[in-house]
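Chain lettering (A, B, C, D, E, F, G, H, I and J) follows the sequence in which the chains are written, and residue indices restart at 1 in each chain.
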Amino acid sequence: MLFHVRMDVAIPHDLARDRRDELITTEKARALDLQRDGKWVHLWRVAGKYSNISVFDVDSADELHEILWSLPLFPYLTVTVTPLARHPSDLAMQ
Amino acid sequence: MLFHVRMDVAIPHDLARDRRDELITTEKARALDLQRDGKWVHLWRVAGKYSNISVFDVDSADELHEILWSLPLFPYLTVTVTPLARHPSDLAMQ
Amino acid sequence: MLFHVRMDVAIPHDLARDRRDELITTEKARALDLQRDGKWVHLWRVAGKYSNISVFDVDSADELHEILWSLPLFPYLTVTVTPLARHPSDLAMQ
Amino acid sequence: MLFHVRMDVAIPHDLARDRRDELITTEKARALDLQRDGKWVHLWRVAGKYSNISVFDVDSADELHEILWSLPLFPYLTVTVTPLARHPSDLAMQ
Amino acid sequence: MLFHVRMDVAIPHDLARDRRDELITTEKARALDLQRDGKWVHLWRVAGKYSNISVFDVDSADELHEILWSLPLFPYLTVTVTPLARHPSDLAMQ
Amino acid sequence: MLFHVRMDVAIPHDLARDRRDELITTEKARALDLQRDGKWVHLWRVAGKYSNISVFDVDSADELHEILWSLPLFPYLTVTVTPLARHPSDLAMQ
Amino acid sequence: MLFHVRMDVAIPHDLARDRRDELITTEKARALDLQRDGKWVHLWRVAGKYSNISVFDVDSADELHEILWSLPLFPYLTVTVTPLARHPSDLAMQ
Amino acid sequence: MLFHVRMDVAIPHDLARDRRDELITTEKARALDLQRDGKWVHLWRVAGKYSNISVFDVDSADELHEILWSLPLFPYLTVTVTPLARHPSDLAMQ
Amino acid sequence: MLFHVRMDVAIPHDLARDRRDELITTEKARALDLQRDGKWVHLWRVAGKYSNISVFDVDSADELHEILWSLPLFPYLTVTVTPLARHPSDLAMQ
Amino acid sequence: MLFHVRMDVAIPHDLARDRRDELITTEKARALDLQRDGKWVHLWRVAGKYSNISVFDVDSADELHEILWSLPLFPYLTVTVTPLARHPSDLAMQ
């Protein structure tokens, strides 16, 4: 099942530099793992913003929540979740 | 180049039934053509709403505008366009 | 899987009276069927508004969309969907 | 009487770790007590957010306020309260 | 139990004059009855707007909903309900 | 003349405890004085929030401003002022 | 006493032309009268919009409401009222 | 003096076709005149919307208002005006 | 040329007391100078808020910007600028 | 390809003075370079705000993102990107 997720990142300015770098490194590793697992199926950068638009393919909202909650940057994210359904004009649906 | 586009549809209640059906039929045909041309690369239904979230792969914002402006339902759409860039954590970018 | 859904109803003032009554009657019948099927598990009226807050238990966002799209009043609804997950402090989860 | 309550949690980043853990532990204990007392009748996690959607069954808005005000995390909550009424299409009302 | 209710009125311009006058007359009669019954305890006009701010003293949110739903102008109201509780600094509470 | 005033309180988390308690105590004393003077005629708690809805009876907006500006908690308040007028359906106006 | 009032005008497109012209003519006459009476002390056009920003000098919010309610265009106005007080840095206050 | 102006166009669906075409034609002619006069210095289409972003070079806000008010489509525009000033990092200012 | 300017002041709680007092004193002196120069033609306090509504009479938006940017409190202001034009119903315009 | 970009700057009050000055200096140098390269084609100050409205001429959204991300002040910017297309009434298009 597909969920459209937008993540706007806001890391506090006064966070220690090394802590910040560690968060970003582990976040990237986590994202790559989830993409390899086929869970994180689309990941785009919103041009001009420290934000991404993603699509997750998961079995349930619970699984989606666990994944997002597990992201190192989660405490610094504003997350917007939009459940997706098949569109009747989707070429693959014809 | 990728553009994320959300379209919220609001067809007036008092629009003639046949005109409405004609709009929806020609809109679907147009969408299928654009998908076959590789322009309209993702098309999902927002669950619970007469809305879609799409991704277009075009050469410029001008081309995107011409495509959207050409949609039969365009006069009844609220369109939100978000330009996308490659994400550094995108598996395909590694 | 649980989805929290808010529906704000706005039936046009100038809709024919009998059409309006027919919509409301068929809507109620549909709602009762879906509750009997165990899909529509909570249905509350928002005090002071022509709105409801509901919880649906469905297998996917696709099924949720089909249900909502099938409601006679759908064209006159503003729908807000929020996917729900289990809460770690939920008594039933202990 | 039922109240729909949404709670969005925002614990300051610079709060001492042990204070944070203590808050979360006592919050969970309080939530479990209130559920056992039959006051906190529904508690769901909003997928992707540090938020919950709950339903309280209380005798008055005063009682609701005292309960919410007593939550250890209250100072870090954005709370939205929506009073609920019986819905004419509620199966239990037929 | 007290509910704070704001009502913003928007009667369609093209509503027949006599129907409009009838609505306003019956609305006023209903409001006076509810005030005599002790249900509608405060009714103020928002200066400069076709709106009022009111306080209702009712036994439940269900009763509040029935009252508001029964107002002749209800279909033309945007209603905002805020449940009130006793304030610790209220002189009457000392 | 009546003014409807909503006050949303947000005391910074890192404010010294004793300073916070002093503010709250002096705020309560000030509120009680103003009620005794007949200026602060209604004071209700918004259920679930550190907010109040009040009605002031003053001679002018200047007097209202001086009163609100004099509140110990003023620097931590978001204040919304709505001037009130007599409502034609107010029972007392008949 | 001074009130800052913003009026955004939205006359329905399908209002009969002569009715529209009559409204605008009587509105202007009314505005001129109120300015001559010293009630409407400032009247500016918001550049680029069918809106004005005004300041009224009246004895009470009741008087302000009666004035605004009496404007021929009132049914087509979105009105925002902000009560004003003397500013400590106002040259006239020194 | 430069003003940044955004115009969002919303022509009513039920406006007569020939009236609509006449508006669009005269609007374009007016826009071309104003550009030739050096008043309308930038005119871009917002990709995906029936909107434009423009920059006007005029002597005053009064002149800007007269120009915008004179546009045939003015009654169907939502206009947002932002006054511009020279930027200290503007290459032309060095 | 007239600009309507609203300034909402938010001085950080943790700013040193003497620095805060110095800012407020120099701000007042600056405001009085600008009023004597005929630039700052109206200055009102928004009742109940640490905000003012002002009108400036300047030669250009550049001059307005320099004035506002020069205010000691500028870093702590949220500023909203609305360019004003003459109103056809302004008594002075007849 | 043209992108309209608004940047609202909010540098934290407690940032060290020399760090702040260094940011502003390097930001200006970067902006001048980008203007010389023909990428940053318009740069205006929003009168009364620490904000700018700019237009960038770039080959793709990716290039735009890299440019914005490279700005020294990027961490302190709220950026709004609007893709632009040619307007049919643009004089240069005739």
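In this section, a contact is a pair of C-beta atoms (placed from the backbone, for glycine too) under 8 Å apart; a residue touches a chain by one contact, two chains touch by 3 or more.
Quick caveat: nothing in here was measured; it's all calculated off a predicted structure.
Asker: Where in D-F, B-H or D-E does the H-I interface recur, with over half of the contact pairs identical by residue number?
Answerer: It is D-E that repeats the H-I interface.
Asker: On a CA-centroid basis, which chain has its centre farthest from subunit B's?
Answerer: F
Asker: More C-beta pairs touching across which pair, B-J or B-H?
Answerer: B-J
Asker: If I superpose the C-alpha trace of subunit B onto subunit G, what rotation angle comes out, expressed in steps of 5 degrees from 0 to 180?
Answerer: Best-fit rotation on C-alpha atoms: 145 degrees.
Asker: How many angstrom lie between the CA centroids of subunit B and subunit D, rounded to a whole number?
Answerer: Comparing mean C-alpha positions, subunit D is 39 Å from subunit B.
Asker: Taking the mean of the CA coordinates per chain, how far is subunit G from subunit H in Å?
Answerer: Chain centroid spacing, subunit G to subunit H, equals 27 Å.
Asker: Please report how many Å separate the Cα centroid of subunit C from that of subunit J, as a whole number.
Answerer: Roughly 45 Å separates the two chain centres.
Asker: Scan subunit D for residues touching two or more other chains and write them down.
Answerer: 2-3, 14, 45, 47-48, 61-62, 64-65, 81-86
Asker: On the basis of the stated criterion, which chains touch which? Give every pair.
Answerer: Applying the touch rule to all chain pairs gives A-B, A-C, A-D, A-J, B-C, B-H, B-J, C-D, C-E, D-E, D-F, E-F, E-G, F-G, F-I, G-H, G-I, H-I, H-J, I-J.
Asker: If you look only at subunit E, which of its residues touch subunit D in the complex?
Answerer: Per the stated touch rule, the residues are 1-3, 60-62, 64-66, 81-86.
Asker: Looking at the complex, which residues from subunit G come into contact with subunit H?
Answerer: It comes out as residues 13-14, 45, 47-49.
Asker: Considering only the defined contacts, which subunit I positions touch subunit G in the complex?
Answerer: It comes out as residues 2, 4, 27-28, 31-32, 35-36, 42-48, 52-53, 55, 82-91, 94.
Asker: Which bits of subunit H are touching subunit G when the two form their complex?
Answerer: Listed in rising order, the residues of subunit H that touch subunit G are 3, 5, 12, 14-15, 61-62, 64-65, 68, 75-76, 79-81.
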